[in-house]
Each structure stands twice: as structure tokens, then as C-alpha cells.
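Labels run A, B and C following the written order; every chain starts at residue 1.
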Amino acid sequence: MTSANLTDVVQAEQGTSLWKDAWRRLRKNRLALFGLAVLSVFIVVALLTPWIAPYAYDAQNLDLGASPPSAAHWLGTDIFGRDLLTQILYGGRISLAVGFVATAVALVIGVTWGAVAGYVGGRVDAVMMRLVDILYALPFMIFIVLLMVVFGRNLLLLFLAIGAVEWLTMARIMRGQVQSLRQQEFVEAAVSLGLSPATIVRRHLVPNALGPIIVYTTLTIPSVMLLEAFLSFLGLGVQPPATSWGLLISYGAETMEEYPWLLIFPGAALTLTLFALNFLGDGLRDALDVRGSGD
Amino acid sequence: MWRFIAGRLLQAIPVILAVITVTFFLVRVAPGGPFDSEKAVIPEVKAALEAQYRLDLPLGQQYFAYLQDLARGELGPSFKYPGRSVNELIAAGLPATAELGAYALLVAVVLGGLAGVVASLKPNSAQDYIPMSVAMIGICMPTFLLGPLLVLLFGIHLEWLPVAGWGDIPGDKILPSLTLGAAYAAYIARLSRAGMLEVMSQDYIRTARAKGLPEWQVVTRHALRGGLIPVVAFLGPAFAGLLAGSFVVETIFQIPGLGRFYVQAAFNRDYTMILGTTVFLSTLIVLFNLLSDILAAWLNPRLRAQYGEA
Amino acid sequence: MPLLSVRDLQVDFTTRNGRITAVNGIGFDVEPGQITAIIGESGSGKSVACYSLLGLLPTPPASIERGSAVFDGRDLLQMSERELREIRGRDIAMIFQDPMTCLNPYMTVGNQLVEPLIYHRKVTRAQARERALELLAEVGLRDPQATIDQYPHQFSGGMRQRVMIAMALINEPRLLIADEPTTALDVTIQAQILELIAELQRKRNIGVIFISHDLSVVADIADEIVVMEKGHVVERGDRQAIFQAAEHPYTQKLLAAIPAGSKPPADAAREDLIQVRNLCTWFSQGRGAEPLRAVDDVSFTVQRGEVLGLVGESGSGKSTIGRSLLRLVPVTSGEVLFDGTDVTGLAGAGLKQMRRRMQMIFQDPYASLNPRMSVYDTLAEPLLLHGIATRKTVEQGVLQLMDDVGLARAFVRKYPHEFSGGQRQRIAIGRALATRPEFVVADEPVSALDVTIQAQILELMLELGREYGLTMLFVSHDLAVVRHIADRILVLYKGRVVEQGTGDALFNAPKEDYTRQLLQAIPGRGLL
């Protein structure tokens, strides 16, 4: 509902929407910008990995064995003589993919669930949220371990399982948002104008609930990545020949006395990504002025 | 208040039942029987074994038999350690895990709470930035990375502390407890800082200052309670996280605890052990969640009153 | 010699957008045994000035640039935090606006009450408690023995403010600073608290600084009045001088903004636009509990073209009636006939059609506009929804509305947070008028606004009402405002209609006790 030729009628002063305002605040936050930059680089690199990785993924050099960083192998090699940088690049693809896909699963389920419960209210809300409460009380970490044991280490299952845990908080946040927004007078005004419920949700509720959802989404990605790494470390996540940062760290930990770089570099990659995401999430929280933490 | 507690207990029962049911059937539908891997088992022996573990009965009957056992507190025999029951294995692993968990929780609450409160008293100063940066590192440095790094530094390089074990050499409990507690200390630091900042901006803090109370009394008498309620509510989820973390920490430091048994059981496909431990740990987590909920509600007089109206 | 003498005080704030001088070189005196009122609208610096005296402003962002505040021969502004602390709560005490948030919800009132006594006078807990019980009785709490160990949420707003007053007085201070102590309270409670403050002040012969945005509130109790605008003191004088011979134009504006007089009676009988019959709106309070009877068997009519005032205190059901008529809350039983059609039974297209004909203006202009939508989007939405304008003509429609409500056309792209409260209320009025409604419910449309803005918005509403031929239901807690704008008035109490009549009839010859109580409670009624 914007109009291009409005300026013909009157010299309108340009307003600053809350989004623009938030972006301006975010731009002043150096840590958040650093996070955004690191993240962007990692994502681009992950997308381009097959073309830019220095060695083939499965290229071994058993004669070389584990060697420290050198000109040929910037980050050194593992005990099979495989290039660690290549391993980290491919591992990062999986780690990031798990983080983003599982978060997306959680986002879709959680936001829909929470929005419906919050908007419909009444008995439907009570039943839906009671279910969330019950699921919340389940010890999911243990369940995921169990699932991995029972069904084997299946990546798709891992996405779904992690997504299924994380949607609960998302649903709670969304419901809280919708509920508090519903009581706002501008929503009442929209009702009294005669807008349909769908339009009210789309134009009046969603744009206002988006802030906390964005923030929580940004903070969910690192916790999902941690979960994946945790499972892979235990040997219950990603399985060889595929690799992930968690798996690399677990190998590194086994041989850290002799070959510390095998632990330190994958660890640094994971930690740096988590830093970037958390800084960005915190920055967004401040910029969007979202109160409370949700975790 | 009692009604609230009773209500929560009643709510916990279906949750625990759901855990038992889901776990039981998940484990039973798992591909591959428990004795498939062992070579050349004589059919008669296999049949005898299956009868011993009740695997010859229909699934429904197995389930109800299991529930009956549970009601008596029997978790059944282990598949992989013949002659030993799951109860015995849990009893063997529990003390170390409980002690580790307790120390880690102590580290988390004391270090985290202190850091958060200190940071909140002077926001955006060095007193805030330093502990909060450390907390950020704690959040971004997963347990399974922190553990090996600590071992590398304090165990192997500096040789200050033992690299593994539990209760064998003096000081061998320090690194595992720190490793396990660190992430939660970081979370609690952030939570308590946010909670304190929120409370310190409330009008009643201004009232307390207008009375002429010195700042430390304003903080301890008026702010602390409200500011730390979110931390108390977080203890339940933290406990669940600590248990899961103990899987890793016990593996890294070779601690003969429940967590390590669980992971081993997972690899050995020791189904009764997995089932029993899951049921046991889940019940523990559900109860601890309940406890932290009740504690948080009790700390808030308004909630207390609301649930007190019986 | 004055008890407190403030001279040349300047307080600055450092904000994201640079430095702002909130208090700019002000001076005033407080005599012992007298009430000095500081009057000003939001942003005038009245509270900042007083908080800065006691070191209660967070520094940064605030900084006291210059000035002196001599209390008892010593300059408060030169004292160390430690010295100030000795004075706070002992010689100078404060009470605040919102008794809901100013008491610690985690502590019993008794424990909060004795704190200043124990800290400053080093008495034992038992002695302090004894004293607290005496004071609670003195400020009018029934049965202090039973209530002293309760938590703040167990008290009503008025009772909480009494507790606050007791807490302030427990050390027998010589100066009491009261920051809008009655603004959050109902009118009848406000009258009681004002009386209590005046009485305690006389008895103890202490000096009081009474901060308020509302001249009429202090009309009965102030000895001295200091008027502030934008960080400056524009006028000082005794009550008589201010009310009868104000010199500064701003003071005159404030005085003129006090609603007075009543609307001339309508010329002829008009047809009924709305007939409300036996309306009940009950809210469920959970299983097993008695429903809350917010509106309980209410009947009345609204005539075409009139402004009907709905007056009551919080919990009287006045807002719920308005929302029930517009179907914003579900009606339990009864009929609402709008131009002959029962609104309560409508659904679908019929309801949408009806919504076009009846609109609402809300209390809080900060909450009633979608913060993510520009003025253009907000005003265009109803125009397009009801086909009042097409995509081609919608701009013209939006600009026309902005002209009507007195907003500059250049603001059309701006967002709600870029406007002041009064401007936002204008946008909200524009939105309500966009559908060309016949009937508008105005729910406390001016009570969140500054006094001078309040007068402007009321004027605007009267004017637009005439221009658009509106019928209006004007909901308010403020009898004086309602009398000013309404043709007839309905007085509500606990969900029922107590009395109705024209403004003059109610004011001059109230029939019911409750109406009389309400009238008595109007602050500064001598001015009307």
C-alpha cells in the first residue's frame, strides 16, 4: 500500500521506520558487525567449498601422516595425511547446514504453533500450550541420543530431531508476543475497522512479533550447532566418511598430546562461528530492543 | 502453595509415563535384536536368552511386564553384563556422576551468579565487560572442546593437575567439575546480569535509595531476590544440560559414572541398560524441573499467594 | 528563612542525540510548614529538578551543571553521596506517582516501612515495628496489626499510597517531596489522599514540594505555586496570585485548559440512533469462580448527533460498555440496536458493514497505533478496506484526513514513534473518521495527554463531531471533562448505571450519593 507518486502531491518528509532505526543501531555495534562479517564469509566459503578446497575431500597421504601446518598444508594434516583445512571446510558445510536447516524447521513449526495458539486463545490455546509444557519437561538431549542409537546416525533424522526440540521455545515466544500484541489497542482498532483475522495477523501481528523471533532465531542456530557437535563428538552424530566440526574435535581430542593442531583448528572454527552468531544475536537484541532473553 | 506443588506433581506423572512408553517402544523397534551380533549362538541358547529377557512375549505383554517391574523399582537385567541388573549398574555409576554434577552446579551458581551480579552493578564499565566477555567465551566454547584444552594446558603442559580419574589422585576432581560447570556458569552470569539490570531499573529501587539506604543494602535487600528468580527457574533446564554434559566429561576424564555407562551402553546396544538409564535420568530431570519451578514460584509472593488460595 | 532554597539549578542529560538541558537555571523556595507546588507538563523538568536535589538521578546520563540547593544551611548539591544518604529518608523523604511499582513486591510492607527507621535512627526492630503500626493507623489503614505483614499486591492502589506516605513520614522528615502522588489513582481516592497529605503536613508543620501536571489538583492545598515550562520557571507566586492574576501566557494557557462550564443544551429532541437494552457483559474468571460482572444489566439510548458522556471510576465497566457496543468484547446478554439493527447478532459481511458505521478512539495514543505502519499506511487501510477510496484516490483521501485532524501533510511518511502524544491522538482520530462513521466511541481519549494538549484535542473532537455529524459516546473518569463535552451524562458504578441527566442537572442537583461523592472529589471544584 505504498504510492510512488505521493511526492508529486506534497513534499513529504521521509520517516524512519523502526526497522531502519534498528539497522542504524546495529551498524554502530562493532561486535555485531564483526559477527555478521564472519558469518557471511563462512557461509560463502561453505557454499563454494567444492571449488575452493585446496585438496580433494578424500585425498590421503599415508606417507606424510600427521604433519604440523606448512606451506603445502596451511593447517597441517591428520594421521592419514589428509589436509586439515579441507576437512574443516567440508565439516563446516555440515555443521552450518545442520544449524540453519534445523533452526528453520524449529522456526516454521514454532512460529505457526505459537501464533495459532496465541491468536485463537481459549481452549485451543490451553490444549496446545499444555502439549508444549509436557514436551518441554521431556529430557530431549537424552532422547536425541536414544534416537541416534536406535535409528543409526542419520543426518536427516538429526535435523528433524534437533528441530523438534528447539521449536518449543520458539512457540512459547511467538505465543507470548501474539498474546500481548492482541491486547494492544492498535489490534482492537484493526478489529473495529472490520479487517479479517488473516489480514490482522499478517499486517498487524507478524511485523510486530518479528523482532523477538529474529533474535531468538539467531541465538538458536549456535545452540543447534553445539548440539550437533556434541552428538558427533560422542560418535552419535555425523558419521565418517562425512565429517563435521564436532567429529573433527573428537578426533583431535584423542591425539591432542602429539598433534595439538588437530584439536585447536577445528575448535577455533567452531568457537569463532558460535562467537559470530552470539554477537550478532546480542546485537540484534539490543538493536531491536527486545526485552528478556528467552533462554 | 501446596495445591501448586500437588498440581505440578500430577502433571509430572504423565510426562514420566510418556518417557517410559516412548523409550520402551523406541528401543524395541530398533533394527537388529540384541544377540544378533554375537556369532554362532546356538538356537536353543538364543531361545533361552530371549525367554530370560522376555523377548519371546508379544510386545504389549513385554511393556506391561516392564511397567510392573518398574513399579517395584526393578529396571531389569543388563543385556551385555550378564548377571548384573541395571539397578546395580546405575548404583555403581551414580555416586561419581552425582558428585560431579553437584560440584559443577556449585561452580555454575556461585561463579556465574557472582559474575552476573558484579557486572550488573556497573553496566558498560570494565567491571561489566570483563566478566561478560569471559561468559561469552564460556558459552561459545563447548564442554567437549574446553575439557581437552584444559587437560592440554593444566594437565599436560603445566602438569598442575591430573588429566583423568575420579577420586584416585588429589585434585583430579577439579578439572572435570570446572569443565562441566563452565558453560552453565556463563549462562547464569548472563541471566543474573539481565535479571539484576531489569530489577535495578524498577521504581522500588528508587524508593529504597530515597530512604537513604546505602547501595549495598539496596542491592542485597531489595534487588537480589527479584533479580535472581530467573536464575532459579533456569536451574531445572541447567540440571538436564549438566546430565547430558556429564556424558562427555566422564568420557574425556574417564570417570566411572552413569554418563559414561550410558554412552557405552549406547554403543554396545545394551537395550535394557539404555532403557533403564533413560527412565531413571528422565525421572530425575522431570523432578528437578519441578523443584526449580516450585522454588521460583515460592520466591515470588504474588505467585505464592495465587497458588495458596485453596 | 526558607527550609529549602534552590538557586540557578541546571541539569543536563547526555542522550544518543546529544546533550539536552532538562532544567535550565531554575530557582524556588520552600518555606517550613507550607506546600509548594511545582506545576508543569511532561518534559518541563519538574521531576528532574527535584530528583537531582537528592542525588536520585543516575549520573550519567544526568549531570548537575551548576546551582545550589541550600537545605538547613547546607548545600545539597555539594554534599558527598554519603552525606546525602544521611539526609535522604531522614530529613527529606519522598513519595512517588505509582504506588504499584514503588513498593518492593518481594517484601512485606512492614519490613519496608521499618527500614528507614532502623537505618537512620538505630532503633530495635521491635520499636520500629511499634512505630510503624502507629503510623499505619494514622494514615488511615484499617487494622494495621493484620495488614502489616502482607505484601504490596494485597493492597488497593489507594492503600498502597497510604503505606508510601507512612514510610516517608516514619522518620519525621522536615521536607516531603511528593511526585504526582495522586495521578495514578481514582478521583475519589485522589481526594482522600490529597486531604491526608494536607492534614499530616499541617499536624507536623513540615514543608512539602508537591509535583503535578495538573493545576486543579493543587488548587485546594498549595500555598505557593511554581510553574515550569521546558526547563524554566516561568512564574512563581502564592496560590491566590496564580489563580486570579497569572501574568505569564503559559500559566494563563494552563488555567484556560482546565475544563469548565457545560455544553449548552441541545435545541430539540432527536431520534434515537442507539438503544441499549439490558446489556450484560460478564468475564469468566476461571472454572468454578463467579464471573466478573463488568457490565450488569445496563440500558440507555444515544440520540443521533449527541455526545453522551459515560463517567465512572476504574472497575465501573465504562470502557467495557463502549467495547461491547462495537463488538470488541463478547456480549453476554441484552440487545444493542443500532439504527434498528441488533448489533449483537451480526456476523460476516453484515458485521463488517456495521463496523464501518461505528468506530473507536482509544486512550493510549502510544498503543493504539501500529508502530510499524506509517501515517499513510494507517490512514489508507480503512479507506481501501471499505472501498471509500480507490488506489488512485487514496492519497487524496489520506491527505484530506490529515488536514481535517490538523496534521501537516509533510508528515504523511512518518511513523508513530516520531510524533508527540497529541499528534498521535490526531492520527488515531483520523483513522476512526476514515470510514465516515456515524457513531464513535471515545474511550478516555485525552487522559493520557498533557493538559494543554488535552484542551486542543477536546476542541478538535467537538469541531469534527459537528463537521462529520457524529454521534459520540465519550468515556472518561473525569467529570469536569465530560461536562465540558457531553450533552448528557451517565454515571456508572460497579457495572450499573447510577444516575443520568444533563451536565448541569447532575452538577447542581445530584440525586444519588455516589454522584455526590464524585462531584466532591473533583479537584479544585472552586474553580469551576
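General remarks:
The rule is simple: a residue touches a chain if its C-beta (ideal position, glycine included) is under 8 Å from a C-beta of that chain, and two chains touch if they have at least 3 such contacts.
Keep in mind that what you see is a predicted model, and the values were worked out from it rather than measured.
Taken chain by chain, the contacts link every pair, so each chain touches all the others.
The chain pair with more C-beta contacts between its two chains, of A-C and B-C, is A-C. In this assembly, the chain whose C-alpha centre lies farthest from subunit A is C.
Averaging C-alpha coordinates per chain places the centre of subunit A 24 Å away from that of subunit B.
In whole angstrom, the spacing between the mean C-alpha positions of subunit A and subunit C is 45.
Subunit B and subunit C have CA centres that are 50 Å apart.
Chain contact summary for the complex, subunit A toward subunit B: residues 133-134, 137-139, 141-143, 145-152, 222, 226, 229-230, 233-236, 246, 249-250, 252-253, 256-257, 260, 263, 267, 270-271, 274-275, 278-279, 291-293, 295. Contacts from subunit A toward subunit C in the complex involve residues 1-3, 5-6, 9-19, 21, 184-186, 188-195, 203-204, 207-208. Subunit B makes touch with subunit A in their complex at residues 11-12, 14-15, 18-19, 22-23, 26-27, 29-31, 136, 139-145, 147-149, 151-152, 156, 187, 190-191, 194, 198, 230, 240-241, 243-244, 247-248, 251-252, 262-263, 266-267, 269, 274, 278, 281-282, 285-286, 289. Against subunit C, the residues of subunit B that register as touching in their complex are 202-204, 206-214, 217, 221-222, 225-226, 299-302, 305.
Across the interface of their complex, subunit B is touched by residues 54, 56, 85-90, 93-94, 96, 98, 101-107, 115-116, 119-120, 151, 153-154, 164, 167 of subunit C.
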